[in-house]
Each structure stands twice: as structure tokens, then as C-alpha cells.
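Each of the two complexes below includes chain A, the first together with chain B, the second together with chain C.
Take a look at the complex of A and B:
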């Protein structure tokens, strides 16, 4: 049996607006191994959420659509599945948690109802057994008094509690893959740490794979095994997390690491990457990072660089082949 | 909750009092007396004066109001000047007719508008949505009397499918099942006319409310669970979209009881709407006041019910 659970190949996702078509993800390829955590890191608008939503085939219609590529789950292309087949996968084999715990739960249904729904749908479990399983899950995500929780409404819970409920909802049907789209971004720092710890424990215990999306390299360092850095709709570097943090090859990755407040250097002050990510409407020719890159040369504007494997398991999309980042 | 209810009811009584004072004042300030319209011109002025004296027409307005409200508290709404019987009896005769038509129209419009509004929202910018939009704008902008006359001309006069007016075929004397069929047949056109405006409004509200809900994160969560689109729309989205829909419905409920003046007048439907209209023309003060009182009570009650329903649907709304 292959060790690859999920693999995207050359995934391209577009959004139509009034006049133009914008490519939000442009040839994204990555692999998620069984029982491993792949972190996808990038700033807002880099296409990381769009990538994760396409795996669920939940790109907002009718403006968004998947232009091409493949999303292989257990070697089967999800893009060829019917909507009905996809529904059997969503929430069952692949579950997702979102950035905004405050608004991701339906305000007019009780927690028990919202949790139990997926269990009933995918496993046909209802009634007392359904309630018991929901309580078990709430206990697993360390919610005190899970029985009471079932009869509460989302507005009665704090953000951290709601995110725990979302996680309980996600693991209820024992998925093989969990997609976590910035699950800790909206939480304050202490709660963030608890939620990360929880996710890591659950992932180990249940041998689940996680695709973890964030803009925070610090979070990646704590949870991910491998990490892919996205910039303007493309993956620009991918490596094991320790390798990437220790010896980044792409100037963008280097910039991100330098910008972590913990890497504050009195000599430079807090550092940031100058400039802005180009909007998808006016993408520069060639390397999309070139306009902000300190190492850019005329060569960079010629064509989009290919992803090159510099060392085994470490790929980078830069013509300098990593020399610029060191 | 109980405290809230008591407070709301107390407020309602105060509003009711103000409404009766204002209405009473205006009606009594209007020129004309109950006999201007109906009395034979040959009746002598003295006889007429005497009749007016006897019914207290020349009492000062505050005294008149006091007399009226005193009787109302005793459950006596007075004696209709025109119909020569207790106001309460007159209203009770007409009320079922109005409820029949009003409830029919409300059920019809809800049954059409809510599914259509939902479909319009889920298939936004589709042919169905555009057609729905155009039709509802026609429905909102076409006056009831015009649409009513149009239907009468086309379906009743030209095609002779439906009766032109009234509630029963005059002189047929149907009994039992035949009577019900006869009334139902007369009911169709006025109900359709009354339902048109309600359908149009309710459909627009349903559509926009659903569209707003679709943008929320919890809809994406529901889809991510693997729920079918039908469950996402009808359960997760619709329950959240209900608040504006209830508001619109609660504004239409008073129509069931107070009647639709225009529609009832055009179709000569013997309901409360037409009764109010003729009562005003006839200066039938006791009848006018009773009808207005009834309408106000119903409006206040349906607002209260709507507010309570909000709390039933949305657990975030609590009344303390």
C-alpha cells in the first residue's frame, strides 16, 4: 500500500469576476503522507485556503472553479467523483476545521445536534448511541462536562471551546485526513497552544494525516512534519520542517523566517519583507516574488522558475537554486 | 420571560388606549352625521334633530368617548346605527368570510413564496431567479384593484370560468356540499388577488434573507460535513433565514382579520374590509370604533407573537 494518502498534481483553481478570470492556485502539487502533518504556509491571498477547499471540492460556486490538475485521494481522482460520491467523503474520510470558530457553528442548533448530524449521515448511528459517541468525542477534545455541552448553543461558548467542538465534529467519523485551515488564527495565544497540543495528540493517537494551513511559521514548527511555502498561488519551497527552518533556500522563506518576532535581531530591528504580494490580476512576468526579492536579477523576469529538487526532499522554485536564501 | 410578557401586555394596553382616543377624536371631528347619507330628504329637520339628540350626537366628544369606553369594558360594543343590531353581531356575521379569504390567501402565498424564494436564492442569477424577480416586481407594483378588475374582465366576463362577484350564487340556495363548492368557486379570484402582493413581498424577503445566510461560515461547515445541498438549504440555512420571514408574515396576519378593503370591495365580498369601508361612509360610529379596536388588538397581538417566535427560532434572542 502506498504511503501517500493525498496528492495534488498541477492543481489550478480560478475565480471569475465581472471582467476577468483570476488564477488563485496555479499548478499546486504536494503530497500528504499517511499519519503525517503537512503544513502549508503563506500570507493572505497566496492560495492556501483555496487549495484546501478544492480538496473538499467546496470552492464557492459559481464564480470559483477548478481549471485542471488532479487531486488523488487513495490514488483516486477526487475531481472525477460525482457530487454524491464527494458527499460520502466529506466529513467522513476527509474532515475540515476552519479559521473562524465564532462563525463556523450554526447559531440556531444545539451542539449535540450539529455534532450528531455527521455521525447519523455517514454511519447511520442515531438516538442514544449517537449522543454517547458525541459525548465521547467532546471528552476527547477535553471539554469539561460534555453531557451539558450537547444541549448548549454556540453563542454560549468561548472561541476556544467552539474550536474544540469543531475539532470534535471533524474527528467524529474517524477521518483519514483532516484539513485545518488556520484553526488557531482567531484564538488568543494561550488557547492557540492548547488547541495545537490537542491536534497533535489526536493526530498521533488516531494516526490521522493533517493538512495544516497557516500563515504562522511558529505554528508550523510546532505541528508539521513537512512544510510547503506558498506564494501568489504557487508552491515556492517544500521540505521537512526542520530542514526548511534551518536552511531555507527561497528568499521568500528566508524573509518569512526573519520576520518571526522571536528572530528579532537588535542590529536590524523587526524585519519584514518589503513590498506587497502581487494581486492575481497583475501577476508579474516570470518569478512572482522577483519584485520584492533582494537577489533578483534580469533573468528572474524571463519565465516562472521550475520547482527544482536541490537536496532529496527539498525543492525550491528559484533560479538561484537556493543560493539566494542562504 | 413572564416579566417581559407582562411588560409587553401593559405597553399594548397603553398603545390601545392612545389609538382609541386618537381615532375617536378624528372620527368625531369629521363633518357629517350618521343620517346625512341615508335619511329621506323629505324627513323634516326637527325629526332628524330629535333622532340625533337621542343618540347623543351633540354630546361633547370627551363624554361620548367616556360613554363608549365604559360600555366596551362591560363587553358592550354598542349598537350599529345602520344595521340596527349589536355591533358585535354584525362583526361576527362578517368575520368568518374575511378569515376564509385572508387565511386562504396567506396559505397560498406562503406555499408559493417560500419555496420560490429559496429556489431563487439557491439558483441565483438563473432564468428562474430572473423570472421570479420580474414577477414579484409586477406583483408589488400592480394595484390590487386593477389586477382584480383585470381578472374579472378576463376570467369572469370573457371566459366565464369564475363568478364576477359575491360569495354565493344569488338565489341558488345550495345546501351542504354544493354550498361549499359554490363558496370555494367564488373564493378563487379574490384569494388570488389578495395573495399576489403577499407572495411577491414574501418571496423577495425569503430570497434576500437566504442569500445573506449563504455567505456565513456555518453553511460551509454544513457542506464540509457531507450534508446534501437540500439539507444545507432547508435546515441549516432556512432556519437562520426565518427571522425576516416571520416579520413579514406577522405584518400580513392582521389582514386575515381586518380584511382587505380594496379586494373585498371589488369582489363584493361580504367581509370585514368592506364592512369598515361602508361603516365609515355611513358614519356608523359604534361600528367603526369596534372595527378599529379589533384591528389594533390583532396588530399588537401579532407583533407580540412574532417577537416570541424570534426567541423560539434564535436561541441568541432572550427576553429578560
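Take a look at the complex of A and C:
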């Protein structure tokens, strides 16, 4: 049996606007192994959320569409599934949690009603058994009084509590893959630490795979096994998390790590990457990071560099072949 | 002796809550409860805490953008307000003083008027206070743009044409246009990406050096505060629990809450998923704060005394203040 649960191959996602077509994800390929956590890190506009939404086939229509590529889940292409088949996978085999737990919960239904919905729909469990299972899940995500929680409305809960409810909802049907899109960004550090630990515990216990999307490398360091760095719609580097943090090869990854306030160096002050991410409308020719890169040469502008495997399990998209990270 | 620029004493801000019934007593949310600290000339003071700890309310109350319930604020030798003594600065006097106290807001999308072009935004204060002759206003705007790393050719553009980082630069240009002595920065980099965040922080450091300003830097990001600020105040549920020099606080913090915050901050250098002592529970509602030390229900070292008596902020040596029964 293959160890790879989810694999995307050359995924390209586009958005139409009045005049132009913008490619938000351009040739994204990655693999999520069974029982492992893949972190996807990038700044706003790098295409990380678009990538995760396309796995769920939730790209907003009609302006957004998947132009090409494959999304293989258990070796089957999700892009070839009908909407009906997709609905059977969403929330059942693949679950998702979002950044803003308030806008993902329906304000007019009690927690118990929303929580049990997926179970009823996917597994036909209703009534007392449904309620019992919901309570069990709430207990699992360490909510103090699960029985009372079932009869509450989302507005009565704090941000951390809502995110716990979302996680309970996501794991209710025992999914094989959980997609977490910035699940702790809206939370305070103390609550973030609790949620991260909870996710880690659940993932170990249930041998679930997680695709964890964030802009925070510190969070990645705590939760991920492997990490892919995205910039302007492309993956620019992928490696085991400790390797990536210790010896990044792409100049962008290097810059991103240096920019973390924790890596403040009195010699340089707060280090930043000059300039800003190009907008998708006017993407530069060749390597999209070249205009901001300290190591850029004339060759960088010619063609988009290929993703090259420098060491086993460590790939980088840079013509310097890793020299930039040294 | 250091020169004190701003002196905040026993600042209180209570917001009334909707009564449960007509005959029920009026309840209050104590958003800021007895906060005292000083800012010296040229100093950067950090104010950290979780959401709901009252840090933004402190900033706004100091500027008198919301009226204080109690306490006093002095700026240089003038009293802005002293509620207990019944003193309050006159409106026109306060307006003049606003030149020396400016603010940079968290959300660069909401804090710039979408109908004004950049030139009007950054020169609004100059025009109002007539700090430079009319003929020179445009020249001054060009200078401000250059100082904040913006292209002067963009003066006629509107806020929506800029990225988040650029907008925050516009917000900073507006704040420094009147050459203030103090800028209150309310999470100025929270909405920005890491690589852009450093650009803005460096700009702020550079400008402070040049104009010898002081900052009150409100933030929840301990990583930035550690290296950006000279002194740091830690707030929990409306009160300051610890004040210390930045270097002291991050190597040798005294209050268990500060320790918990430091412990919870994710790190790329030493990831610590396992074996970490995590704070349990969440920040209680400020409408019904716990008795005694407000942190005691979540504190791992709480004693009987902690539930009964509120600890006072005491100096434990070298200007390091903490409000904890264990430390004194």
C-alpha cells in the first residue's frame, strides 16, 4: 500500500477578472503522507489558501476555476469526481478548519445541531447516538462541560472555544485528512499553544494526516513534519521541517527565517526582504522572486527555474541550486 | 534622573454593562483598572497582553479619545486630566497638545480615509495647525514621503491603490507630520506579513532616532517587543502585572503570567511541542474578574492568599516591578 494519501500534480488555479485572467496557483505539486503533517507556509497572496481550497474543490465559482493538474486522493483524481461524489468526501474523508471560527459556524443554530449534521449526513447516525458521539468529540477536544455546550449558540463562545468546536466537527467522521487553514491566526498565543497541542495529540492518536497552512514559521516548527514554502503561486522549497529551518536553500526562505523577530541580530536590526511580492497581474518573467533577491543574476529573468532535488527529500526552485541559501 | 515625558497614574476606564433588570445594580466592565507607568523622553515602552487585557483602551484613554473613569495623565508639565482632582484640560488647549501626541493604528485599511488622496491625508494636520506656510505644504509632503520610504509621485493616489505595508507607511507619515514627541502605536505591524513587518519596524526606529520621539508600542507579539522596546509593561485583565527593562523581562521575568506568555510563544529555534507547561483555561471576562490576584485561577503557583488579596505592583530591584504575592 502506498504511503501517500494526497498528492497534487502540477495544479494550476486561475481567477478571471473583468479584463484578465490571473493564475493564483501555478504548477503546485506536493504530497501528504499518511499520518504526517505537511505545513504550507507563505505570505498573503502566495496562493496557499487557494491550494487548500482546490483540494476540497471549493474554489469560488464562476470566477475561479482549476485550469489543470491532478489532485490524487488515494490515487483517485478528485478533479474527475462529480459534485455528488465530492460531497461524500468533504467533511467525511477530508475535513477542513478555517481561520475565523465565527464565520464558519452558523449563528442561528445550536452547537449540538451543527455538530451532529455531518454525522447524520455521512453516516446516517441520528438521535441519541448522534448526541452521544458529539459529546464524546467535545470531550476529546477538551471542552469542560460538553453536555451544556451542545445547547449553546456560537456567539456565547470565545474564539478558542469556537475553534475547538470546529475541530470537534472536523474529526467527527474520523477523516483521513484534515486541512487546517491558519487555524490559530486569530487566537492569542496562550490559546494558540493549547490548540496546537490538541491538534498534535489528535493527529497522533487517530493517525490522521494534516495539511497545515500558516504564515507563521514558528507555528510550522511546532506542528509540521515536512514543510513547503510558497511564493507568488509556486512552491519554491520543500524539505523536512528541521532541515528547512536549519539550512534553507532558497533565498526567499532564508529571508523569511531571518525576518522572524526571534532571529533578531543586533548587527542588522530587524531584517526584511526588500520590495514586496509581485501581484499576480504583473508577474515578472522567469523567477518570480528575482526582483527582490540579493543573489539574482541575468539568467534568473529568463525562465522559471525547475524544482530540483538537492538532497534526498529537499527540493528547491532556484537556478543557483542552493548556493543562495549558504 | 531620566526626563519623564508622560506620566500615567491610577488610570481607570469602566464601561457600563446593560443592566439585567431595572432594580439590578449597575455593573461595569473594568477594561483598565488602576494602571500607572511612565514614559521617558526618547524611550520605547511596550505594552503587551492578550486580547481583552485592555491595552488598546489604555492607549486611547491616554490620548483622551475616550474619557477616563479615574486617574490622571500628565504630559511634560501639563495635566491632561486628573479625574480625582476634577481637573481637565480645555478643549482648545487639548487640541493644541495633540500635535505632540499622535497615534498609528493597527488596521491600515480602516485608518485612512478612502476619499482623500495621500497628500491630503498626510498634510491634514499641517493645514489645520498651520505649522508651515501654505506655499511650502507640498514640499513638506514630498519630504514626508521620502522620509517614510514612499515614492513622491504617489502623492495624488488614493489609499486603495497601496499595499498594506505602504498604507502603514502613510499612517506613519501622517503621525510624524506634526513632529510629535510621543506616538502611540497600536499594533502597527499586526496586519502585515513578516518580511514587510521588519521594514516598518526599521522605519520606526530610524524616525525615532532622527526626531527623538518616544513610542508607546502596543503589541501582542513578544518577539518584536523584546528587540524593539526599551521597557515593557505586561497587562492582564486590565491591570499591569509586570514592568521591566526588555532585556530583564525576557531573561528573568518575575510574574507567572509573563512566564506563561513566553512559554506559549512558538519558536523556530527550539520547537517545544512536547513537555511544555501550558496555561489552562482562558482569560476571564472583565465584567466579573476573579477576586484577589486576577491571574490566580490560571496560575500554577497560586496560594490561598492569592484569592483573597490583590497584590500591589512592587519594585523588586532595579526598576523591575511586579504584582505577585510570590515575589515579595
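For the reader, a short list of remarks on this structure follows.
Please note the rule applied: the second predicted complex is superposed on the first by the 326 of 326 C-alpha atoms of A that agree within 3 Å, B and C clash if a C-alpha of one lies under 4 Å from a C-alpha of the other, contacts with A are read in each partner's own complex, and residues count from 1 in each chain.
One rule holds in what follows: a contact is a pair of C-beta atoms (placed from the backbone, for glycine too) under 8 Å apart; a residue touches a chain by one contact, two chains touch by 3 or more.
Just so you know, these numbers come straight off a predicted model, no measurement behind them.
Aligning the two structures on chain A places chain B and chain C side by side, free of any clash. When the shared chain is aligned, no partner comes close enough to touch A:283: not chain B, not chain C. In the superposed pair of complexes, A:106 makes contact with chain B only, with no contact to chain C. When both complexes are overlaid on chain A, the residue A:43 reaches chain C alone and has no touch with chain B.
Within the superposed three-chain arrangement, the count of touched residues of chain A is higher for C, of the candidates chain B and chain C.
Touch criterion not met for A:198: it reaches neither chain B nor chain C.
Once the two complexes are laid over each other on the shared chain, residue contacts for A:270 go to chain C alone; chain B is not touched. By the touch criterion defined above, A:219 reaches chain C but does not reach chain B.
After superposing both complexes on chain A, the closest C-alpha pair between chain B and chain C lies 7 Å apart. Here chain B touches chain A in the complex through residues 125, 216-218, 220-228, 236, 239-240, 313-316, going by the rule given at the top. Contacts from chain A toward chain C in the complex involve residues 43-44, 158, 160-161, 188-194, 196-197, 200, 215-223, 245, 255-257, 259-264, 269-274, 276-277. By the touch criterion stated above, chain C contacts chain A in their complex at residues 50-51, 163, 165, 193-199, 201-202, 205, 220-224, 226-228, 260-261, 263-269, 271-273, 276, 278-280, 282-283. Note for the complex: chain A touches chain B at residues 56, 58, 62, 87-92, 95-96, 98, 100, 103-109, 117-118, 121-122, 153, 155, 166, 169.
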